[in-house]
Amino acid sequence: MMEQAFFLILATLAVGAALSVIIQRSPLYSAFSLIGVFACLAGTYIMLKAQFLGAIQMIVYAGAIMVLFVFVIMLLNIRKEETALDKYRYLWLLSIPFAATLIVEVLYTILKVTSDFTSLPEMAKRPEVGDSQSIGYGLYTGYLMPFELTSILILLAIVGSVILARREKD
Amino acid sequence: MDIYKLIEWVVKIGIVFLIFMHALAYIVLLERRLLGFIQMRLGPNRVGPFGLLQPLADGIKFFFKEEIIPRDADRTLYIIAPVVALVPALTTIAVIPFGDTVNLFGRQIELSITRVDISMLVILALTSMGVYGIVLAGWSSNNKYSLMGGLRSSAQMISYELSLSLAIVGVVIFSGSLDLVQIAKEQMGTWGGIIPKWNIFTQPIGFTLFLISVIAETNRVPFDLPEAETELVAGFHTEYSSMKFAIFFIAEYANMVTASAMATLLFLGGWHGPYVEKFPLLGPVYFTMKILFFLVLYIWLRGTLPRFRYDQLMKFGWKFMIPVALANVVLVAALALFLY
Amino acid sequence: MIFFLQEQIPLPNPPISSAPPVQVNAILTDINPIVNYLPILLLLIIAISFPVVALNISSFLRRTVFDQAKLSAYECGNDPVGDARERYSVRYYIIAMLFLIFDVETVFLFPWAIIYDQLAIFGLIEIFIFIGILIVGYYYAWRKGALEWV
C-alpha cells in the first residue's frame, strides 16, 4: 500500500521532470529537469532495494555527468533552442518509429518479467542483490575481466577528451 | 508499519534539526568572536551578554532587509539557487550518527536520525548536488563577477571531490563498510590503553588529504577563491541580498558542520572516548567536542592563512592531491594486508 | 556476511538456492532495511520547506523602495558593459570531463574497498592493474598539458 503510493509519487515526478526536459525551451532548464529525473530514478532504485545503485546514480549521473552538461551549455552560451533547427522540422516524423520501437521493447520486457517471475536469473531473486557487498563480489570475482577492461575504457576516455579539447595546441 | 518507529523518527528529526539550526547560528558568532581575538579586537559583544544574542539579531535583521532581483537575472533560477544550495546541506544530517544505541523510555534508540547501510555514499551523493546551487546562482544573476565566481567555485569543488572520495576509500578498506556507524565502531578501543584506535593514526596521509579536500569543498580559506573579495566582489552571491543571502550563508556553515562530522566519524573515532561504553549518552558530547575542534581549526586557518591563486589551486588539486590520493589507496590496501 | 559471501563466490554459475523467490510485494515491510530511507525523505521535505517558508515570511516583512539603478548588474558602480554570459575558457570543460572520468573510477573503488578483507592479496593485484592503467592515462593528460590551468 505504502509502497505503491511512494512508487506512484516518484513515477509521476519522474515523468513530469522528463516531460519538462523536452518541453523547456532553455537548455539549462532542460538540464536541471534531467537532474530531477535522475533523482527520482535514484529514489526508485532505493525502493527496489538497489540502494548502492541509487547512490551511484546520484553521484555519477546527477553529480558528474550533469555538471559536464551544464558546463557545456554555459560554455556555448546557448540561450534558447536556435531557430535554425526549425528547418529540420520534418525530422519529427522519424520520432514515430523510434518511439514505437521503444514502447514495444519496454512492453515486451514488462510482460515477460511479470508473466514469468521465475524465469529471472537466479541472482536477481536474491534479497541481498542490491547491497554493496554482493555488487563488490560480482564485480571483483565473477566479472573481473570486464572490470579490468573498464579501466582501458576509462583510459581511452581520458585520451579522447584530452585530444578533443587540446587540438589547437598540437 | 510500526507507529512508534514513526514517532521516534519525527521526534529525532525535530530535535536534531532544531539543535543543528541553532548550532549554525552560534558557529557564526564563534567565528566572528574568534576572528576578532585573532585580529586583536573584540568582535560582536554588544547584543546580550558576550554578544550571545547577536545571531538572533542578525536573523531578525535578515527578515526585514530589502530584496533586490537584478533586472537581467533569470528570475526562476535566481530564486531556486539558494534553495538548491541549502537542501543537500541540511539533508545530510539524516544519516550522521552522533552516538551509540541507548536505552531511553524503554526503547532501544539509535543516536542518529536513521541508519542505512550506505550512509557514506548517501552523504557523498547529497554533497555532490551542492555544486548546482552555486552554478545556478552564478549563471542566473547575469553578473560577470557572479558567473566567474560560480564557475571557479564549481570547478574547484569537483576537482577536490575526487581526492575526498579517494581518501574515504582508504577508510572503507579498513572498516569494510560504507555504514558510518560501522566505520565509527571499528575505531573503538585503544592500543595499550593509551592511544585510541582512530584511523588518523593508521592513515595520517588519508586524514591530511581528507582535511585539505574538505576545506576546498566548503570554500574556506585558503581555498575561498569563489568569494575572493579582492577580485570577485563576493563571487557567486554578489547579486544576492536579504533572506536569499542568508540562505547561502546557512548552507555554507551547514556544509562546514557536515564536513567536520564526516572527518570526526571517519578519522577521529566518531563518538568514542573514555567511558563511552558505560555511559553511551556521553557519545554525543564527545562527538560535539570533536566537531568543535574542526570548526575552531577552520576559523584559525581563516585568521592565519592567505589565499591561493586560482591556477595554483587547480594545479595543487590535479597534480598533487589526486596522485597522492591514488597512491594512498594502494598503500592503505597493502598495509591492511599486513595488519589483518 | 562471510557466510553469505561463501556461497556467492562461484558467481558465473550460481547454485540454485532452495530459498523461495522474494515476493514482489514484500518490499517495504517492517523488517525491510529500505524503510530506513524514509527519514531521509522526511528531512528532505523539511529542508525544502525551511527556505521556502523563510523566503515567504521575509517577503511579507520587508519593504521595497524602487530604484532603477538598484536593478542593474553590480560592476563596482559603473554602468554594466555588455552581457555577463559571455563565452569563457574551455578549461572548465576539460576539468568537468576529467572529473567525470575519475569520478567513475572512484565509484568502482567503493565496492572493492568493502570486500577487500575477503579479496586480500587478490584484491591488491586487481586494483594494482586497474589503477596502473589509469595512471597511464593520467600521465598522458599531464604530458599533454590538460592539467595546466594557464
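Things worth noting here:
Per-chain numbering from 1; labels A, B and C assigned in written order.
What we mean here is this: contacts are C-beta pairs under 8 Å (C-beta built on N, C-alpha and C of every residue); 3 or more make two chains touch, one makes a residue touch a chain.
In this text the structure is predicted, and so the values were computed from the model without any measurement.
In this view the innermost chain, defined by its CA centroid being closest to the centroid of all protein CA atoms, is C. The chain pair A-C and the chain pair A-B differ in C-beta contact count, and the higher one is A-C.
Centres computed as Cα averages put chain B at a distance of 16 Å from chain C. Mean C-alpha positions place chain A and chain C at a centre distance of 14 Å. Inter-chain centre distance (chain A to chain B, centres taken as mean C-alpha positions): 29 Å. Counting partners per residue, chain C has 33, 37, 85-86, 88, 92, 96, 98-99, 103, 107, 110, 114-115, 123, 131, 134, 138 as the residues that reach two or more other chains.
Looking at chain B, one finds that residues 1, 116-117, 121-122, 139, 151, 158, 178 touch two or more other chains.
Counting partner chains per residue, chain A has residues 2, 51-52, 56, 59, 63-64, 67, 71, 74, 132 touching two or more of them. Residues 2, 28-29, 32, 35, 42, 51-52, 55-56, 58-59, 62-64, 66-67, 70-71, 74, 131-132 of chain A are the ones that touch chain B when the two sit in their complex. Interface residues of chain C, counted against chain B in their complex, comprise 30, 33, 35-40, 42-44, 46-48, 50-52, 54-55, 57-59, 61-65, 70-76, 80, 83-86, 88, 91-92, 95-96, 98-99, 102-103, 106-107, 109-110, 113-117, 120-121, 123-124, 127-128, 131, 134-135, 138, 142, 147-150.
For chain C in complex with chain A, the residues that touch the partner chain are 1, 4-5, 8-12, 14, 16-17, 19, 21-22, 24-25, 27-28, 32-34, 37, 41, 85-88, 90, 92-94, 96-101, 103-105, 107-108, 110-112, 114-115, 118-119, 123, 126, 129-131, 133-134, 136-138, 140-141, 144-146.
On the side of chain B, the complex with chain C involves touching residues 1-2, 5, 9-10, 12-13, 17, 62-72, 79, 82-83, 86-87, 90-91, 93-95, 113-117, 121-122, 139, 141-148, 151, 155, 158-159, 161-162, 165-166, 169-170, 172-173, 176-178, 233, 238-239, 242-244, 246-247, 310-311, 314-315, 318-319, 322-323, 326, 329-330, 333-334, 336-337, 340.
Residues 2-3, 6, 43, 46-49, 51-52, 56, 59-60, 63-65, 67-68, 71-72, 74-77, 79, 117-118, 120, 122-123, 125-128, 132-144, 147-148, 150-152, 154-155, 157-159, 161-163, 165-166, 169 of chain A touch chain C in their complex.
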